[in-house]
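After this come two complexes, each holding chain A, first together with chain B and then together with chain C.
Take a look at the complex of A and B:
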């Protein structure tokens, strides 16, 4: 199979996650468990023999869901509720909800009311990341989640199976990180939308199947010679829950930019950190949860010794990026609250950045394109005049 | 080596073309209405400018396009956004400008410019046509007045009314209601222009208020829009004589930068220095400004020998 065929499989799963889940369920006869972003340990559900998948925002307009959630909720939560109300989640045997923000909690309640026949598992993770009890509390959360899964499936989730799943998931993350590294050097000149398909499909597909395809894709690029990448090197930041629309990513690249790094959830944030493979697996998952916030800081977590803005400035220096585009999902409160700090830090350092507010509903792409083109022109002209 | 360059602003309502000689002097400019088939308006604008200059397209060494249709022009060698070009054009018209307010047919933008004349920050309407020329057009239709007469009528307002909606369609409903209540056209139009000023002030707030402020775009020809924006800003607006062509002029100047840098070796050093000096002098007012407060006019410093040429070369090499 060549790289384009592999990318095509990833794109197909990314574009129709629930369709993939239905086909997988028909093929295997095993349960499918959907979850909200961002810290659900898929390893646990995988070790229990299910297909864990991160529920994805649908590109469809919000319809009946309008009556269930206020329009000032973010596009991801409104889309989740709308899909639930339309019956799209009938393939799911259970849904895992987290409590990362108030809007996700609201959406969870609305979905729970709609899906009376679907098992709902709610798990809470401590948001204060550097207290002496953080590791212990996290272990308690993951242990409770394991017990809920065992209750749902009527079978234990053995440590050995969990270790196997952890190793598989780690391998998957390692391979995607290799792609990221090769993308920076030009050995894997994947377009931003293709990279998104790689990561997004990893959230959806059977991990063993996805990993096997990734092995081939990485091997293909490892053998390739680096290609020159003309264009303005940019870092993409933001979007903690939903994938940016691929047309926005393509539009940015069409304006003369190449995306050399990101901290998107449907990007590096998802695969930044591995789970320890030895020792108690629940303790390992708790460690992973803590380490994720130092791997790529998240504005929904509180950690005194971690700054997202400092992380971004370091990432941009390491990627030799010329600037950053911030993609902020409309009504994403954690992002809105934190963005002023990022803006201030970037202005103080003189690193150009452009804020784009994205919406679930269609956006005026032409106007956005003018803004991104201008951003690229500003950086070029300033560099030339320096 | 050819002796002229061209800038074309492919706007939503009008097309603007500017032709410069290699010393940056304007040889011709033409503004054409787009009509139903926008390509025809651009052709008319280009053909008119060429005719006025006594040139053909073959005489043009470099063509740069801007405006929303910038990518659709086959004759353009390069294209730049209207923000980059308006900033370049406005700063060449008013060298000390630090803020450019441009209100065109379907977009409005505020551009903050640094001391080198480069864009520092910008903000533009990105959701709807509120506060643009289209907004005024829609309301002119609703009120049955000529677009060109709106500003003068609005200045006759004797009382302050308020248009609360900035959506062109909803504002039209409000306008009709106000007229039905018996309010006069001047008062209602005064409110319409005050609403545009409030919208513009919002964009200024996003990039930071500073001056001197130059206003370009077709709406700069509307005296009521200028009056209300000045009132909202609490600052005078500097109005170029031909504000509509700022984008095309900026595109032409970028074409000139590009062409001269490419042919630098074909120009003697003496000529290059002479062109630098001429450019600096002409930048004091191309094609001429009016209403510039005396205190704001600062004679542009002559660049050091060849400095401008080197800067242009550096810019061109990085385009």
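Take a look at the complex of A and C:
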């Protein structure tokens, strides 16, 4: 298979996650478990013999969901509730929530009411990341989740199976990180939407199938010669639970930018950190949860000894990026809280950045394009003057 | 809109709650003086951890209370502007924005003073008057925004101030044994929070450099338990018709039970209870004519408390109970054992009016609606407090389906007046009253 065919398979799963799940279920006869972003350990559900998939915002306009969540909620939560109310989640045998953002909690409540036939499981991960008990409490949460899964499926989730799943998921992450590295050097000049399809499909597809395809894709790029990429090098930041619309990503690139790095959840954030492969697997998952936040700090957590702004400045230096575009999902409170820190740090360091607020509903791309063009032009002039 | 609204009908507010105004004033005066008096200052929001602090002679600054006080005095705008200047967007919780604005002003003033620029806060600028913290404790049930607000406060102060986080998990209540104050999840969560509170006390000891005065805490919790019982007894009397006090009286009485110095609180609620009893005996209601009895769902519009009280009075509507007032603030005194108070305190923190998932929460609300014999429910959809708006469609649905209640939703906010839409409130509330009237005719 050539790289375009592989990317095509990834794009197909990314564009129709529930369709992929239905086909998988028909093929395997095994359960599908949906989860919410951003810290759900898919390894556990995988080790239980199910297909874990991270539920995705749908591009459809909100309809019945209007009667369940107010319009001043982020597009992700509104879309989740809408999909549940429309019956789109019928393929799911269970939904597992594990997070903390107050809007997700509202969505969890509304979804449970809608899905009377689906087991809706909730466990709340501790979001205060550097307390002496964070590791222990995270272990308790993951152990509770494992017990819920065992109860749901009527079978134990053995340590050996969990170790296997951890190894497989790690391999998958390693391969995607290789693509990220090769993107920086120009060996894998993937467009931003293609990179999103790679990551997003990894949240959806059978991990073994996805990993096998990734092996081929990575091998293909490893053999390729680096290509010179014209354009201003940019980092994309933010946009937590929902994937930025591919048309926005393409618009940014069409304005003369190349995306050389990101910390999007549908991007580097998702694959940044591996789970320890030896030792107690539940302790390993808890370790992974803590390490993720020091690796790529997340504004939905609180951790006084890590700084997202400092991480971003380092990432940009390492990627040799000329600037950053912040994509903020409208009404995303965690992002709104941390944005002033990022803005101040970037201004202090003189690194250009542009904030774009995105909406679930269609956006006026033309107006945005003018702003991005101006931004890219400013960076170009600065670079020329330097 | 064909209901004529006479303007001579005034809310018959409890007289005794005027004392709360003085107590609130005294409290903030004490806070403003605290630095000069050499006291340690702790900023916190959410759960009422203030007795832990007061017992240790630490001056406590409750962020929501400060924001609410600014809004009630219509002095919130300066603080909100300061927050906005730093980039905090308007869609963020306005309690947090207002309080963070105070932190920003405080830092700015201090930095400006440090650099020798002669610029101090005006005396009447309350946003800059709040003394900076020596410590921060975050103990916010349910709402991630609360925890992030504390983290941001710490960051505004350059992360130089020690911060302690207490995690209060949401009660999801899906297990077979789950219910209000019962089940394995409840027991485990209570113990988890209790453990953290003991660690919080160690953090306090590290700050004060003294052993923690447990005896003082025990005595305070005995008083709080008593005050809470008195408050609940007075509220209970509002099942009478006409109800002697309204939701708005209980709103005014939040500060005494929630964040004012413990000394004086029992007396406050004794006075309130006595007045409520006297009104019941005299058949006196909280509105001149009680034609409709309503339940108020949602957090308070702090810049609109008196104004809303008057508005409903003009409609002959007595707002007799509410989620905010009747499901929070040391709501379960029987859980507090004054001899060994920490577990009961943890449990009271866990039953804030949002921290149970909707099945349990809605049962509680429906129970209140029945108990207080309400005809309708007015729902305040507070734009920036999503913790309160999260279950509101489900609550409205349950009110219709289970109790046949009329509901009416209006948009507003905790402390940002610009989200408030008066016309919408009028027309929706009037429609609700018309529906209640037609239903009565049918019956």
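Here, the second predicted complex is superposed on the first by the 384 of 386 C-alpha atoms of A that agree within 3 Å, B and C clash if a C-alpha of one lies under 4 Å from a C-alpha of the other, contacts with A are read in each partner's own complex, and residues count from 1 in each chain.
Throughout what follows, a residue touches a chain if its C-beta (ideal position, glycine included) is under 8 Å from a C-beta of that chain, and two chains touch if they have at least 3 such contacts.
Keep in mind that what you see is a predicted model, and the values were worked out from it rather than measured.
**Student:** Just to be sure I read the superposition right, which of the two partners does A:381 touch: chain B = first, chain C = second, or both, or neither?
**Tutor:** Touch status of A:381: first partner only.
**Student:** When both complexes are superposed, which of chain B and chain C contacts more residues belonging to chain A?
**Tutor:** C
**Student:** Now for A:370: first (chain B), second (chain C), both, or neither, which partner does it touch?
**Tutor:** In the superposition, A:370 contacts chain B only.
**Student:** If we overlay the two complexes on their shared chain A, which of chain B and chain C does A:22 touch? Say first, second, both or neither.
**Tutor:** Neither partner.
**Student:** Quick check on the superposed pair: does A:127 touch chain B, chain C, both, or neither? Answer first, second, both or neither.
**Tutor:** After superposition on chain A, A:127 lies in contact with chain C alone.
**Student:** Taking the superposition as given, does A:171 touch the first partner, chain B, the second, chain C, both, or neither?
**Tutor:** Neither partner.
**Student:** Can you list the residues of chain A that meet both chain B and chain C?
**Tutor:** Common to the two interfaces on chain A: nothing.
**Student:** Residues of chain A touching chain B in their complex?
**Tutor:** Those in contact with chain B are residues 364, 366-368, 370-371, 373-374, 377-378, 380-385.
**Student:** Mind pulling up the chain C residues that touch chain A in the complex?
**Tutor:** Chain C reaches chain A through residues 86-89, 91-93, 138, 142-145, 147-152, 154-155, 159, 163, 165, 167, 169-170, 172, 174, 192, 195-196, 199, 357-359, 381, 383, 386-387, 389-394.
**Student:** What part of chain B is in contact with chain A in the complex they form?
**Tutor:** Result: residues 68, 80-84, 107, 116, 118-119, 122, 124-127, 311, 314-319 of chain B touch chain A.
**Student:** Which of the residues in chain A end up touching chain C in this complex?
**Tutor:** It comes out as residues 67-70, 72-73, 100-103, 105-106, 108-110, 112-113, 120-124, 126-128, 131-133, 137, 299-300, 302, 304, 330-331, 333-334, 336-341, 343-344.
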